[in-house]
Structure formats: structure tokens, C-alpha cells
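I have a structure here, written as C-alpha cells, and I will follow up with some questions on it.
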Amino acid sequence: MRGSGIRASTGAALLGALIVWVALLGPLIALLAHLTPGAVVSALRQPGAFQPLVVSVLASLIALAVILLLGTPLAYLLARGRLPFPRLWEVGVILPLLTPPLVIGLLLIFMVGPNTAIGVALGHLNLSASDTFLALVVAEVYEAVPYYVLGAAAAFAGVEPELEEAATLLGDGRWRTWRRVTVPLAAPGLATALAITWARAMGAFGAVLIIAYHPFGLPMQIWVTLQETGLSSALPFALVLLLVALPLPVAAYLWSARARRRL
Amino acid sequence: MALLIASSVSFAPVVVASGGTPELANVASAGSLQLLMDKYLGPPFIKQTGDEYQNESMGSLGLAQEIVAGEITPNVFIPIGAAPMALLEPKFTKWAVQFAASPLVVAYYPKGPHAAELKKISQGKLPIKDLFTLMANPGFKLGRTDPAIDPQGQGFIEMVHLAEKYLGVSATTAAADLGGSDSNSQIFSETSLEPTLQAGQLDAASAYLPQAVQLGLPYVRLPADIDFGSPKDSAIYDSASLTLSTGEVVQGSLLDLEASVVKGNDPAAATALVKFLIGKTVRNFLTKEGYQLLPPALLADKSAAPRSIRDLIKSK
Amino acid sequence: MLVLVADFEVARREFPVRLAVQAEAGERLAILGPSGAGKTTCLEAMAGLLPLSAGRISLEGRQLSRAAEPGSDVRAGHRGVGLLRQRPGLFPHLTVLENICYPPGASPARARQTASRMGLDGLLDVRPRGLSGGEAQRVALCRTLQTDARLLCLDEPFSSLDSALGIELLELVRRELVEVSAVLVTHQLGEAQAFADRVIVLARGQVLQVAGPRELVLRPNSARVAEMVGYRGFLRCGSQVLAIHPERVHALGRQDGAGGISARVVKVRPEGGRVDAEVEAEGEWIGRFHCRFDEAPELGSTLLFGAPDAPQFSGAEALLD
């Protein structure tokens, strides 16, 4: 009696999981069904077709570097509870996550627009954070950084403090402990956090639409092409976006899973 | 200007159902018409006809593409400009009724450093040509929409070219107005252009007159022969052209509001909505909101329009 | 030659912990006390993990910590003090050999030698999760030894292991630390006695007594210490309190007589091939003894016991709290 009950609930869970998985892949399957290799090739043969790809990848790499540099110390301090008023810091990190990207974009106008204090300061350096490559990086950073900080904080929290203490007692300074103990042990979690962050940065659209219409990354290219010449010419760029954005996260996930097993 | 004169097949005449089961008027309209549709047209329409109403507002060209691709299935289409409507002919519709125009203006930030001068220009105390000289200043931050996908974006560029011809603006000034080599940094999405101006991060931006009125922004009115809002200057508008990045050449044209019933469901409700659109209630609102009223006129294959609409227009 | 000179106080939430101790090279100390007494705090202060609120600590003439100048305290890990905790803290992403070689001054050759002496030969390429508790602590010990620590602090490192294994490992530690002084923290008297040359009894942050392992049991200096080293019966004799240790009491027979303690038999129970009997005097349980079946006393009968060296306390020393 009990045995069949357990089997039934496991079966139901599996079925549910399968349905969700297929539903999630649905759009991808629809995309592949609607594209012919010919359409993809001809779309990519258009003059300037590779420019958005280059822009997207470059901007996302820079955004990722900025996020890594600024987000890692914050994530570590959050994880170790070494910040005063920790709840306040957590809320600050989660707020951009809860704000629709469109709203983030609108608010960024007030923060880095040409006539704001920051905008004017940038202007003195001959830079601008409105409708420029810098603006694109800023928009991507804002859309993606909470994912990294939260993921990295969880990864660091999973490293037991007693291991860091052991390293200290064995003579390691802060930096060596960080390099030889904390980071290697947090690495699987950091890898998955980076993977998600990369995907978010590559696909950023809402805030980008508002403050960084130009230069075109792939998401903007898809949006404009759709309105300009229609669905069939926009979809190939969607495929390119997936093909370019996917390898890094997939590789990170596989590596992370293997690394976790070894620990 | 791509008005197609369609050939043979006429639209099947529609019998307007009265007092029957409520139908749905499913509207796709230009982005700048959102307020008009949802506030001033929808509720009275529902009240008067008992039909149901639904509206989606987005860039006209983009909407046209989506209709053609079958992604959305509205039964009424109200774009700005002839080009979006032309995309739907002949498969989705063969006619359109033109009922108003939406002239271009230059809206400006009232607290900006150039606001005082712009105000004087708008009051006529300074010549209109000064507007273009002012906009050509390297420190002047102008914003406009994407000509690749927005009629307003196309219209603005053509307007500047017309200003060269008819206002004596020099070619260098015109080029500087449009941003010169860094023209891309002037281009904003429709969604963000007005908010950026309102936040004071731009000195001025292209706009439709009704847009500026609705948002409460001060604006500089342009002469009728270059503002794409006056039907009798259509020939002048025609003479301006623009080559898009795809290589396509577009001719300037009146920024008119057109409406048509799109082939699809609930044609009775759709026809009723178009009739309501050219009726008195809406025309009063149009005037109030700054639209330029035009006598309703049928375009393209007039005989393809439903009889009730043809009769209504004739009677005006 | 004195190696460790420490006289310090550490502020803790409930009460300050005070310790004054000196040790010579190779000397072994134990800090014995109930949990919460502050034993770990003492070790952490010596290892440099806690600042002092008073006093100082110096090792081999080098000042490690000073309350007056906390900024000049030598950093943990650079003091020549090693600390072994209850959980070995091995790095899971490194093999046993890599763990042992972790400290900056370690050399693989020396590491292998130490590992060999600890019986870890076949495990050098294993990851920590493949080790048993005892093996893991041995690896942790090897690792700490690579730092050339002059003082080794052991914070109940074997208390989670089987007690026989624990004692065995303590023996191993004794053998390895020839020239190195060591301080073991434990709440078990047996461990302290097996390991240490001197035992420091600590309760509520105060040192109660410092004595050799035997002397501590023979001559506790107060009723509190007596209770911690196993005295179970406390009998009032006028203004004095007599402490009775169940393993140091013997039967004198069934007669009443001077100099003995009369006690009632309260439990008689066969256990295997003999009888277990428990006795109480004045309501205080004072002991248990064995006898043969035919010698078993009756339940409720009175016997006479002698506790010739039972310590006596008076006044403040007689208090148990």
C-alpha cells in the first residue's frame, strides 16, 4: 500500500518536472522551428550584422568585470555578517532586483543623465552616460549586479568560517587565505552566479531601451529589426543571441557540478 | 508615399448588428494615441454601442509588421502616417479613412539653459530660423526617435531638410542639427524620449503637437509647410525624402491619422468604432488635445470601405 | 627554562576569564573544568584570536599579547602557537598531503616523515571526506606541526572520538611533542591525568587549583575542586565537611567503631559473577563496592567504612557553589 503510494507521488513529481522543463524550452523549440538555415545566413550576411554581436559581447564582458570587482567584496562582507545594519545592505541589493528594468532605466536618467551631477562630471572627461557604449555598460550592470551579489554571497556563506580560521592559525595572511581557501571553496557557487549574471547582462533590454538606445546590442537589434522589417528578419538575431550567450553559462554549470562533487 | 490603389476585389459589405450580443473592437493604434484611445474614445464607445473595447498602442510601423506577420490580430488599425497602413494593403485592408493630422513641433525643457530663447522663438519674438541655429550649437542636447522604425523620427529629419529649402537654413546648420557624425546619440526610443526631456536631461525633443499638449511641455510651433501637419502642403512634404540604413528610400508625407477595419473577427464592432472615431464626440476631444482636424476622407480603394462609413463621410 | 609566561584576563560576556600560568620547554599542561568555564577562551587568547583586557602573554621571551597595547599584539598564525580544535578543519579541496603541506614553511619531505610517524602513509592522496575522525585529527596535528609551533594548544580535539581512541591519540601527541610545550583543554579528568604534568582547574573563569595529576585527586584544595575530581560524598562533621571519594573508601566490617563512617546499604545488585552494593551515609551517597555472592550485605544493614585520607574543608572552601 505504502510502496505504491510513494511510487505514485514520485511519478507525479517527475511528470510535473517534465512538463515545466518542456514548457521552458518551448520558446526555443518554436524559434528553431521557425528558422531556416537560409534565413539565418541571409540575415547575417547583411552589412553591419555582426556589429551588434560585437557590441553586446564587449559590453557584457566589461559589465561582468565591473560587477565582479565591485560585487565580490560586498558579497563576502554580506556573507560574513561584517556589515553594520546588515538588513539595510541586503535590501539595497535586492531592490534593483525587484524593480522592473524599465523603471531602473527611467531612474537612471535621473542619476547619470547629461545634466545630472554625474553626467556633468562625465562631460568634463568628454564622456556621456546617455545613448553611448558607457550607458549600455551601466544599464547592463544595474540589471545584472543583484544576481551576482546574491549568488556570490550564498557561495561565500557556504565556506565554513572555521576553515578560514584554520588557515589564519597556520600562518596565512588575509589575502593568502582568500586565495587558497575561500575562493577555491566558493568557486562552484561563484561560477553559477557568474553564469546567471552573464546571461542577464547579455539579455538586458528594459533599462537599455531607456538610456542606451545606441549603440545597438543584440537585444536592441532584435527589437528594431522586428519593427523595421518584421519577424522573419529579427528571429535570426535571436538565435545568434542564444548561441553567443549560452556557452559560458553552460560551461560554468558543468564545471561547477564537477567541482562540487570533488569537494 | 505608398498609397496603393487596389484593384478588383471589394470588401464584403457588413451589416451592423444593433442590440445583439456585444462584440469586441480590438484596436491597434500608434503609440502617441494611447491616451486619446483609452481615455477619450474607449469609455464613451463602450457606453454608446454596448460593444467591448480593447487597445494596444505601440510604434505604428512595428504594429504593422506584427499584423502582417500574424502575431497580433486587431480588427481596427489607427496608425500615424501612410506608410504603416500601406504595409497592410491589400491583404489585410484595402481602404483607410483619414481624419486628423498630428503636426511636428519641437518640445523643450522649461527650466533648461536655452528655455528663455526657445520661448521667445515660440512667441514669434525671434525668427523661426533661430531655432535651427540654436539646435546646431554643440552644447545643445536634442533628442529624437529612430527613423528606422518611427514615422516621427523620419518626419523630423525630413523637416530639417525642408527647413533648408524653405527657411534658408544652411546645409551645415542642418547637419549639425541632426547631430553630425554622432547622430546616434540623439536617438532615443519612443518610450524614453519624453521622460528624458521631462527629467531635464535634454534641452529639446521632437514631438507631435498633441504629445506636447498632453504632457504639458512647452513647444515651438513650426511653419505649416515644414511641420507635416497640413494637407494642402502635401506636395511640399512629398518632395522631402530620406534613405534609411536598409537602403530603402522613404518620401516625406503628411503625418495624418488614418483608421481602417482590418480583416478579422467582429467586423461590426470594428466598423462601429471607426464610425465613432469620425463622429462628433471624438472630434471634440481631438481638437482639445491639439490634433489638427481634417475632414474625413477615404483613401485607397474607396469602394472597398463599408457602405455605412461611405455614407457617413458623404454626409459630412 | 621557562617558555610560556602568561598572566592575563579576557573579557567575556558573562564573566571575565583570568589565567596565570608558566610552562617550561616540553612541559604538558591541562586545563580541566566544566563546559562554559572559559577553557577555550584561554587557548584562544594564547593563540591570538582574542584580545586581552588585562595582563600579557609571552612565549620564549617574545611578547605576544599585551592588554595595554593591543595594536602591538602579534597576529594569530605568526606567534609560534598552534591550535587544534575539536573539528579538524581540514581543507576539503586538498588531499591529505596538500593539507599537511599547507603552512608556508612546510616541506613535502618533512611532511611525509611526520605523516609516516602518525600512521598516515596510505592516505596521503585521499581527500578529507574519506577519512575517519581519528585519521582527520592526526592529519590536523601533522599540519599544525609543520608550522614549527613552540606551544601547541589542544581544544578537546579527541572528545568526539571513542574514549579509548582518544587516549591513544593523546599518547601519540605526547610522543611527537618532544621539545614543544602543550596545553590540553578537557572536561574529562582521565584525559587530563593521562596527558599532563600539571593540571589547572578552571571554573567560571577562575583558576581554582594547579597541581600534578595525582596530587589533585589526593589533595583537592576545596570542596568544589574535590567534586570536579570525583569526590561524591560530602559529610558534615561539626564545622568541617568530609569529602568521600567512592574509589578511595573501603569497608571496615560490620561493627561500629571509632574513626569510621557508618553507612547504610541502599542497593544490592548482582552483576555478573559478583555483587554490587551502594552505600549512603547521612543521606549522601558515598560509594559502591563489590563483593562475592556469599559476602553480600543485606539491604538496609549498616556497615563501617574508612576513608583515611579523606580531605576536610571548612569555611569558604567547604562550599560547593
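Chains: A, B and C, in written order; residue numbering restarts at 1 for each.
Assume contacts are C-beta pairs under 8 Å (C-beta built on N, C-alpha and C of every residue); 3 or more make two chains touch, one makes a residue touch a chain.
Remember, predicted model here, so these are calculated numbers, not experimental data.
J.: Is the way these chains touch best called a line, a ring, a star, complete, or other?
T.: It is a line, because the chains touch in a row without closing up.
J.: Please name the chain that ends up farthest from chain A once chain centres are defined by their CA atoms averaged.
T.: C
J.: Looking only at C-beta pair counts, which chain-chain interface has the most contacts?
T.: A-B
J.: Please work out the Cα centroid separation of chain A and chain C, and write it as a whole number of Å.
T.: 54
J.: CA centre of chain B versus CA centre of chain C: separation in Å?
T.: 89
J.: Centroid from C-alpha atoms only, then distance chain A to chain B, rounded to Å. What do you get?
T.: Centres of chain A and chain B (C-alpha means) sit 38 Å apart.
J.: Hey, what residues on chain A touch two or more of the other chains?
T.: Answer for chain A, listing residues that touch two or more other chains: there are none.
J.: Please set out, as single numbers or ranges, the residues of chain C touching at least two other chains.
T.: Where chain C is concerned, no single residue meets two or more other chains.
J.: Once bound in the complex, which stretches of chain A touch chain C?
T.: Chain A residues touching chain C: 162-163, 165-173, 176, 180-181, 184-185, 262-263.
J.: For chain B, which residues count as touching chain A in their complex?
T.: 59, 61-62, 65-66, 68-69, 71, 112, 141, 146, 148-149, 184-189, 191-192, 195-196, 199-202, 244-246
J.: Touching chain B in the complex: which residues of chain A?
T.: Interface residues on chain A, with respect to chain B: 48, 102, 105-106, 109-110, 113-116, 119, 128, 130-132, 209-211, 213-215, 224, 226-232.
J.: In their complex, what parts of chain C are in touch with chain A?
T.: 47, 49, 75-78, 82-83, 85, 87, 89, 91-93, 102-105, 127, 129, 143-144, 147
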